[in-house]
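Same chain, two partners: subunit A is paired with subunit B first, then with subunit C.
Entry: the complex of A and B
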């Protein structure tokens, strides 16, 4: 995904060196997009039919308390001043206090984020390790059965309602066959045995050498991560295939073959090496969308991550928590997006002209 | 001369013959792709069921019969009954109307909006282009489901909010595609010629550029429909889409979840319906892309 840059700015390079200019441009782009993101969440927060004062003070508060909090929150100020107020708080990491957990939203997000991170990382690993080779092989065997299988595997992945597959997966693999553990991240018996270091249970338990906990965490992780991994695989294998097809038609491939370079080297070193930059972009974007796409999966698997946090807050009219979570996911998304763009333009000289 | 020979003629005598011939050639190459034809069949079937639901010999999708609750599939109820004794087959058929409504409404909002933003941005260029593309990026950066969630929560759960929320998060890719196409067309000779003849920008956009964007937009649209269906079902599943007693497929899965262990059909069958319909749209879109946009497949 190449953002619209690339035009103009040529003469600025005379003043600032190329790389520094690029970095500056990306920083400006990042800031602008984040600002837009904050503005939209602010707007959403404004149209909510929930009295924000009541949400803070509760319905038994006296009229004075109500009036004081109302003034503190700045509800009576003109809308642009309210936005500045909101912006100032968000920049300092102050998303307000969650009504249901009565902790600051930032504290909650720190608690819930590692679970989502663990799930998304595991899924991406599965998707990349299986998806890239599948895509490469499909491209080198274009039109043969293995290509069709890859195509169908991909289309099925695109068409699957993940929450439903999760339910069916739990029914079959957990209730009937008892091959994996059920919802949640750990059995209750293992809860709190491992000191959180990274917050990723599999990593923490491995670090402390507590293999019982590790096995248990893994058996909880395998089904949701497998499902999301399959979705990732569907996407990555198709993108890899189409990138590879673009390379395999090029003349340098023909040259390499004519020189007698072994076919395996031509495919896995020359062609695959040349698609690395766009491929990394695709992988990073799918990783970012997993952090979001996990909302439904987390609901089905009672996985205590960001998605579950946001939906649960939603049903309790806890708008601070909802908007804080939305903002965090959005910001990660934006950062990864800009990072990919930057990577693209710094590593691939063709994209820079 | 047979109709086929007339259509496939190498020397069409009129513009209409040429364009019909092109359609026919596309159809022939589409027809040769069994997967795409399967997709087309699924989509046609969905549309027929949705249109004909009121006159098909189905039981009422909302009539409750508590004596018959949670019946397994049988001759009387092919797909069984749900927790209120309603016929699941009938609810699936009526649910097709809701699914189709969502898809059509989203497309009707999103495609013109995306085309407008993209073509204007690409054709006019300059500061306007930068501003419009920045706005597009911001919306693109927003995670789709999460934005839809926050948005639906902010108004009120229901079919209309779900449609608006999905539309709000779906238009940026269309603007991107339309802009990219416009950029390549802007300097084309026929556009310059039209400009020299004194055609207004509006006329050039509408008559010359928009028609040439259609192929990529249609392909993207068909491939997007599965995503729209899945998002709508996800919202329904979370209780934020169409509200009961409407037979929305995602909401049906959500209620069926409570009975999953003993009455698997209540949740499984709507899930299968979602899967089959999304797969149908994906197969169709994939086939269309091969025909209309061969360089990208």
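Entry: the complex of A and C
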């Protein structure tokens, strides 16, 4: 009988230990997943037909240099020993040194990841804030002109190649109309003026009250973020529409109408409240894929993000950098998943039991 | 009885199909006083849609036309959707079939009842809460405070339906439409829920339209019965006189009801006549 669990103090005690248990479970899951991830990325790094020694010393190194570096890198050791060595270093935050930047990989990631984070977050915000309402309205006006308009907007969104839209955007808005700034994250004149705190230029400049820098960073951000935001919007609005259509002919919606709930509240509270779980899944997935780094967008806009970094490292056989980047992306995926799981429980009582 | 609570003349509900418009309710007349009226009919006979038409809730693309529909003397046949909202819940309300689907899964049931109260009565949080507990007690929920905080999936069918009734009755509407309110429940629970419904309807002097496919239930629960077939009322009589109905469809229905102590090897099946649907 359900009622027994719902009474007085017992209920609260149950809830508290439940939360502690959940947190523990999440922590264990996180650790295990990350361990597996490190193992797999490590294996991939060792299996690929790239000679890490050669990548360090270059084609023209002497045999002695080659042998010395080989020993330094620990390549002679059996693979399980190599793994433990690597794991030990990773745990301490040491991902090795990047061959092409000759900085530690950690340092590089700290540089490149915030750029991606800023772009992905801005794009996702645009996609969610515009896409969810669009999807809801398309669903409630199914078959009417506004539904068709959102359909076409969505279709254009995911059928136009992003690099093409990026170049057209730059040509029109930057080159001709001069409404936004061009490639890069900042004009050179503003570079290094703001102390990096989060690494997100808009946030850092706003924090330090440096509004010139803020405006400049924003005008650089607005086009790539708008573009990726548009892609996100196209996807999220279509998904929201179909989730909403699924809910709007449910019985509880009829109940809400029958008891006199105004239509706006029926839609935005009752129906929308019931699509939160799938909606969050869709948003998180699209956010995660943006965090991987949108290589094409980053290339067109010379945006120094993770996608650009990893691609360049791959082309240069910079395995430490590739492994570090892959690990970071994996960790982001796992964390986002855990976060979503917690949100589900918060938003849908059926997911709590 | 001076003025009827509800009067409907020539109600027609049609749905467009690929082969032209399909009329599902075809010229229904209904006069309802302060009474309990049962509407019986098989699936697709148009009884549920009739109930929804009274609340302006026929789903699109259905089209409703009616010569006259008045509720407490007010003409509601040409009401705009926004004006129907004023009527719904406050003056006419509806209990649906299966609480498993008809309660919002992500809202605490107490909140759902409170919502109705807020919409129609207003008042502060505390007042709404107190009133919600009262009405939960009125539908014989044993521990209203605990049930207030439960979600629909944590309720049994009978409890869910009592919550539903509480939610619909809290603003004290004048007319309640119960659309198969007990069909999804176990037989023993059915009787409990019906008893609660009967008490509340009687206490508050409400009119009731009870839609069902269960002849026996309707006969014992209602004052008067309409029998619908293919979108038309084919028979209208007092519940006590149900045994003496004339229409062959109604007769056929009655003779297919199994009775204890009957010595029949086989229940007779209903032989349909195309004429009934004319």
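The rule is simple: the second predicted complex is superposed on the first by the 278 of 353 C-alpha atoms of A that agree within 3 Å, B and C clash if a C-alpha of one lies under 4 Å from a C-alpha of the other, contacts with A are read in each partner's own complex, and residues count from 1 in each chain.
In this section, a contact is a pair of C-beta atoms (placed from the backbone, for glycine too) under 8 Å apart; a residue touches a chain by one contact, two chains touch by 3 or more.
All figures in this text were calculated on a predicted structure; none of them were measured in a lab.
Once chain A of one complex is fitted onto chain A of the other, the partner contacts of A:33 are limited to subunit B, with no touch recorded for subunit C.
Contacts of A:251 after superposition on the shared chain: subunit C is touched, whereas subunit B is not. In the overlay built on the shared chain, the residue A:203 is in contact with neither subunit B nor subunit C.
By the document's definition of touching, neither partner reaches A:285: not subunit B, not subunit C. Between subunit B and subunit C, B touches the greater number of residues of subunit A. Of the two partner chains placed by superposition, only subunit B is touched by A:155; subunit C is not. Of the two partner chains, neither subunit B nor subunit C is touched by A:87. When the two complexes are overlaid on their common chain A, residue A:106 makes contact with neither subunit B nor subunit C. Residues 3 of subunit A lie at the contact with subunit B in one complex and at the contact with subunit C in the other.
Per the touch definition, subunit A reaches subunit C in the complex via residues 2-3, 6-7, 249-252, 254-263, 270, 273-274, 276, 347-350.
On the subunit A side of its complex with subunit B, the touching residues are 3-4, 32-33, 36-37, 40-41, 44-45, 47-49, 151-152, 155-156, 158-165, 167-168, 171, 175, 242, 288-289, 291-293, 295-296, 299, 310-311, 314-315, 319, 322-323, 325-326, 329-330, 333-334, 337. Subunit B contributes residues 35, 129-130, 133-135, 137-138, 140-147, 149-151, 153-156, 226-227, 230, 233-234, 237-240, 250, 253, 257, 260-261, 264, 267-268, 270-271, 274-275, 278-279, 281-283, 286, 296-297 to its touches with subunit A in the complex. Within the complex, the subunit C residues that touch subunit A are 55, 57, 59, 81, 85-90, 93-94, 96-98, 101-107, 115-116, 119-120, 143, 146-147, 149-151, 153-155, 164, 167-168, 171.
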